[in-house]
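Below you'll find the structure, written out as structure tokens, and then a few comments.
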Amino acid sequence: MVALEHVITPIAACMILTAFLIVELRRLKYSAYSYIVQSTLLVSIFLSIAVLAPEPHFYAWSISAFITKVVIVPWLIIHTINKLKAEEEEEPMVPPILSILIDIALIAIGFWLGSTLPLPITEPGFKICMGVSFSLFFMGIYGMTGRSCAIKQTICLCHIENGIHLMLAVLAYASPVTVDIGILTDAVVAIAIMLYLSTLIKKVTGSLSIYRMSSLRW
Amino acid sequence: MSVEIITIVSTILGIAVTVLLPPLYDGIHRKIRARIHCRVGPPIMQTWYDILKLMVKQDVIPETASKTFLYAPSISLAYLLLAAAMIPIVYWRTVFDFTCDIILVIYLLSSATVFLTLGSLGSGNIFAVEGARRELMIAILTELTVIFSFIAIAIRFNAIKFSSIFFQAMETYPAISSIVASLLLISCAYIEGFKLPFELPEAEPEIAGGSVIEYSGRRLALFKLSIFMKQFLLIAIAVNVIEPWSLSNPMLGLIITIVKVSIVYIVFAIWEPLFGRFRVYEALRSLLILCALSIIAVILSLIGV
Amino acid sequence: MIAEITTIVIPLILLLGTILSYFTRYDGKTKASLTLIYLIVVCWSIYVTYLVYTGNVIVAFGEEFRVDSLSALYLILVSSIFMMCLLYSYDYMEQYVENFGLNKATLKSYYSMLTITFLTLYVMSISNNAFILWVFVEATTLTTVLLVGYGRSENSLEASWKYILLCVVGLTSALYGTSLIYSYIFNVTGDPYKGLLFTSIGKYISSVEYETSTFALLMIVIGYGVKAGIVPVHWWLPDAYSEAPSPISAVLSSVVTGCGFYAIFRWFTILSPPIYDSFKPVFLAIGIASIFIGSLSIIGQTDLKRALAYSSITNMGVIALAMAYPPLGIAYAIMHLFNHSLLKATTFLATGNLEHVYGRRNSLHGVIADSPVLGFTAIASVIALEGSPPFSMFYSVLGVALAIGDIAITLIYLIGLFIGFIALTYMFIETIWGEKVNRNMKNKCPRLMVLTPLLLLTLTAILGLYISPLANMCWRCVPR
Amino acid sequence: MLEIIFALFTLAALLGAFSPSKRWGHRISCMLSLFASLLLLDVSIQALEGSPITLKLLQGIIVLPLEMDMLSAFFSMVFGIVFTIVSLYSLKYIEEGYTDRGSGLRIHALCLPIFMASMVAVILVRSGFWLIFAWELMSLSSFILVVYEHKRQDVRNAGLIYFAMSHAAAALLIVVVLTLASHTSPLSFLYSSLSSAYKSLDPHVAMCLAILFTIAMGIKSGVVPLHFWLPRAHPAAPSNISALLSGIMVKTSIFLLLYFTTKIFYPAIEIGALILVLGILSILIGCLYAVPQNDCKVLLAYSTIGHIGYIWLALGAGLMIYAYSGQFALYASLLISAGLFHLMNHAFFKSLLFMVTGNVILKTETRDMDILGGLGKAMPFTSFIAMIGILSLIGLPIFNGFASKWMIYVTGISSPAMDHLTMLIHLGVALALFGGTLTAIYSIKFYSEIFTGQSRVKVAKGDVSPIITVPEAVLAIACIVFGIFPGAALSVIFKPVSTLIPEISVYTLAEGVKFYLSLLVIPSTMPLTSVCFTLLAVFIPIAFGILYALAHPLKTRVEAPWLGGYKFDIHEIKFPASSLYAGFEKLVSPLYRVKFPTVKVRYPEPNADKVLVSPWVKLGAFLGEVKRIQVGRVQVYVGVLFILLIIVLVARVLG
């Protein structure tokens, strides 16, 4: 048998790469396509764990992840992008070079945390997964802070959800399937609602810029 | 003669002196002042004649007058009579001899002022109001002085009733603090008698009699008498504190007190023509000096000088 | 039987209400059936609470669902507030959609979302599963976010965007903490269900390494803290409260925000002292910070609802502060949550009346001259909210001080409350009393809208005069 | 009995608020309050005669113990008398003076009984929890009553400052009570448990608590420098409420002060000294600031501060002496008796004066003494009562103010030697005497500017309705009776004092009073050297009678006042109140820090505003800028959350 970590490491590397693309690509559609790739990679991680660990729970995880993350969410995002005719994202708030540097720093922190944070897991592959999960999480939040476009922020949220899902799978894979379903449903609904809000925002304000929406203060 | 009888007799004597002598002293005052002005002046009994004359005259009451106007002179005189009964004038103790009677005396003396001004204010005449307010403003500061002087004396003799103060004073030598306090009391008496330069409340040329402008007849007599009596009582206390030894015997006390008070009045009479009238604010400001001195007297007595 | 009704029938009824209100025409019949559904739930909640009060615990599906004192308290709170908000919404929302130029027919989605929020809160409060609890806490955000932005105005959309973004991101932290603890307990016991249910987490959490469990719980506190609106993660709260329609503000400020603390209570009432003790400084710090930032931010506000929102932050701070002093503090924290929810809902409804009548929320004067009842309700609810007797808030405000029992902290606590009190009272005095400036009452206030806050106010007054059942319930929530 | 009293008050409130006719509701409310007050009076007199009442309502931790012991009974008696009068007075006063208000009558009918009941509750409860409850209720109901005329901005501001200050007092009270309660085990709010908890505390903490408590009570009493709410709230309220605030409400805090410092805390010299110093300050500032006021209610409010100062002076000195040494207990108890006596007298004459002011407002609708005047002719009865009131206020012999003030002076001066502490007391007495002079000055201003001279407002002839004046007359009679027979009052006051200071019995006190204060009691034997007060009281009227008869003119003629020969319109030459003492005010203006002669309506005390209020307002506004952290950008918010999470995670990894 191939060691789990040997399979997971390249997939993880690819996921980090897609994470870069998701956050940094200015064209929303490309960003969304990268997201599909990332989700597919996520499903493949689940599948490889299910086969190699072997953990039968992960079959269920991979199926649910596939349905929601590869099918439903991307469809929603691309549909909205098409509907709103939003090609480019709104002006980003961080210059690209700095942004890439920050990304790298966050990935470093994420992997460092994933490897050193005391966790009840011993399997090295899982540790890598934790690193990936933290990186995705951080980059997602960073994407939210650094970007102004409503749809971009939504995609970043999906990105975060990927990280969370990975983390959940690693830590709580044994939990009943109801938990998984509940959490995924929440995620999908959240993204749907955010996309709906984006369309509303576009309709009311004429742009997707969140940065401009700061009339509510103190 | 038992102590009680002496006390009763001396108290009555004190009241009598307080009622009878002040107009006489005013007469002396007027006489001396006239002499200094190179006038012949009225007879010494003139003030008494004036009072007796007023007693038989018709009373004119202003239509704006309120009830206080009518009652005030009698009430203030009543308070002063009680004060006279309580202050040892000719003997070191009186019938009304109890703890802390000095505070009651302070209250009685200021009550007289309160009622006199209420009477003036009650007349409804603007000049009277002007007079009364001057009187009151002066009274604030003189009362402060009187209070602190009394306290200085009380601290000096470590006693708060007249009988023990005078009893101790007879035994000991006079101290600086008590003398200063007494002199301050005399000064207050001078001011309360509305003599120049503090002749503000009545100020004939300016506000035409001021606080007494609407009084006439018997009420005016009582009003005048009240002012004289208050002045006399303050002086009597002061001189008795300075020279208390004569109080051991009422007869001796009577004579010596008359002499002492006469001296004070003569000084007053010589002093008065030297000044013109202060303006109100000047008068008040100069009174602050008295207040400061009275506080010094208290401090002196506290450190035991 | 009772367990089945509680866990299956009632949620199904609520689901039915959701579907019904969405798919039927918005008319009197729908209103009546919705009212009936809510009424059924309220009655059942009262019955369940009564059962729990008499010492029963309702358990279903192998302890997946469990109604204990804390659940019962929350259940009755949720159902009573939803009932009132429903009644209030009928008249309020019609005017509201008119103001924002929306179609009256769209109101059916409003009621459907309101009902599904009710459903999520209902299930959340009877859930004994840590993950399900999280799922439904998150779900309350999702169901209310469109209600916050119901007006479709720029401001309300902004508020709802901030609301959903912060809550969804913040709550992931709680999920992380939950999974961490689950994972440890699973590793120790090998049983996938032991780390799931609160009743068993309580037994096994001591087997988790001390540092890890405190870390995980810290994540949980931050996560649910976002929902509860405690400093420094309170940002969404003033915006969402002030921009939402008033009945939604009432729901948000009372039970939706409260559910963050409900989850924290759930977690912290099962802990043993050594773990709990390490959280005292945390609660102390966030409590004091929230109290002061909330109170000070009220100063100089012009928007009534925004000021009330900041007052919510203060009160959340009070709850957090009380949590620092177990076990008495927890009991009073729960009581404060209960009282604050009732009264904040009252205040928002009362303020909503003013908004409804005058069409604005700021620079109002002399309301009492126009309508004594509205003015009285508003001022009385604010004063009650600040902890004046004879309203129930008085007990919990005092109780928290009692739990603290230290001069310096008590003083700080009371100073913080005092600032908020003065600022808020000043605002409302100037609004309610004074010379009438605005003579244009745009609308009449319908009777039902006048009655609902008054009813809630009376309820708190009654509670204030007879506090012992509530006190007993709160005390029973605390582990001995 | 006690529960019936409270039930009556509650019933009054409910009927007043919810009866169909607001006019009748108000009447019923006032009448029921009247009955309740009479009942209270009855119960308190019974309790003073030796049957203290204890009662326990409710159960558990929040047990509601009510007790009417001697001290409470004494206070209840005072409260009962004033409440009776004020209820009767309010009946007509509010109806006549404030008819144009929409829901005003109902609010008044609701809050007045609650206010009264809560004040009674403050002195009767014996549980810290219920104390706070009653205290808050008292603040709340009085606040609503104070802002009765809420359409005026100044009234609302005054009300808010009042509410804020009473809430601050409540906060401090909560700190004290709950800190004590949290040290009890098992948890209990009973005063007895609090007392034992206090004794088990660390002395520093205990001292800290006692000081906080004193400050709390100082706020409610309105002692300088915590007084600035008082000269705003009293004038803002309707006169019947001012009478209650000034006559009764400030006294509840004095009750608590006395009760807590003697029965719950242990006596401490520092606390006594603190009370004493606050008292001296209040006397000076209160009296000085009363002088320049031209609003008659503001004047009375400052006068209240001054008189509260007298009471605090006496109580502080007493507590200090008692704490210094138990062997001086007699002096201490005499001082405390003097303080209580003054408290009672002040309750009477101050509520009387506020009600008199109410009469004036009813007739003229102004409180400005610059334009008032000459009402003595229009309202002879009112002016007569006012005269009695101000004579008591000044404290002239044979009026009750004198008896108690004099007792304070005498006991203060004759206090035993205790190093520097005695000097402090003596200083206090000296300044109190000076305060007495100032009292005379402003009282004369009050009376003469309202009732004598000329008026610039047209006043119809005829006094106000007898339903208003008769209750006032009752209080006026009480002022004279207790002035002539202070022994009667003292024999009542000694009972509570002897329960506070256990070393001293009523008998010892009576003997002590005979020895030290021969003036005040009627001794059984009348030796020459001990003349009773009654003699004094007889002497002055007799002397007055004789002199009046003497002065009674043979013939009287009524003429126009002589104005130096000029023909003025008499109404145009009214002497304005604001410049009555202009010279003196200028002299002491450094103390006031205001320019004289100054604007028409003087705000109460710009000094205190500058020092005590505005810095806090500014600080609040400054701190309120904290809200600017809410910058409005969601990116920033998420960023904060992000950084927080990273910090927590990194901290976890690093341990």
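The letters A, B, C and D name the chains in turn, as written, and every chain counts its residues from 1.
Quick note on the criterion: a residue touches a chain if its C-beta (ideal position, glycine included) is under 8 Å from a C-beta of that chain, and two chains touch if they have at least 3 such contacts.
These numbers were taken from a predicted model, which means no experiment stands behind them.
By the document's definition of touch, common neighbours of chain A and chain D comprise C. Using the average of C-alpha coordinates as each chain's centre, B ends up farthest from chain A.
The chain pair sharing the most C-beta contacts is B-D. We define each chain's centre as the mean of its Cα atoms; on that basis chain A and chain C are separated by 31 Å.
The mean-CA centres of chain B and chain C are about 78 angstrom from one another, to the nearest whole unit. Here the spacing of chain A and chain B, counted between their Cα centres, is 100 Å.
Chain C and chain D have Cα centroids lying 43 Å from one another.
Multi-chain contact residues of chain B (touching two or more other chains): none found.
Contact with two or more other chains is made by residues 627, 629-630, 634, 638, 641, 645, 652 of chain D.
Residue positions 118, 141, 144, 210, 213-216, 218 of chain A are each in touch with at least two other chains. Taken pairwise by the contact criterion, the protein chains fit none of the simple patterns, being neither a path, a ring, a star nor fully connected.
Which chains touch which is summed up as A-C, A-D, B-D, C-D. Across the complex, chain C meets chain A through its residues 129, 131-132, 134-135, 138-139, 141-142, 145-146, 149, 152-155, 157-162, 164-165, 168-169, 172, 175-176, 179-180, 182-184, 186-187, 192-193, 196, 209, 211-212, 238-239, 242-243, 297. Taken together, the chain D residues at the contact with chain B in this complex read 374, 376-377, 380, 383-384, 387, 394-397, 402, 406, 409-410, 413-414, 423, 426, 430, 433-434, 436-438, 440-441, 444, 447-448, 451-454, 515-519, 528-531, 536, 539-541, 543-544, 547-548, 550-564, 568, 570, 573-575, 580-581, 583-584, 586-587. Residues 627-636, 638-639, 641-642, 645-646, 649-650, 652-653 of chain D are the ones that touch chain A when the two sit in their complex. The touching residues of chain A, when paired with chain D in their complex, are 93, 109, 112-113, 116-118, 134, 138, 141-142, 144-146, 148, 210-211, 213-218.
Residues of chain D that touch chain C in their complex: 60, 62, 102-103, 129, 132-133, 136-137, 139-140, 147, 150-153, 156, 159-160, 163-164, 167-168, 171-172, 174-175, 178-179, 181-183, 187, 205, 208-209, 212, 620-621, 623-624, 626-627, 629-630, 634, 637-638, 640-641, 644-645, 648, 652, 655.
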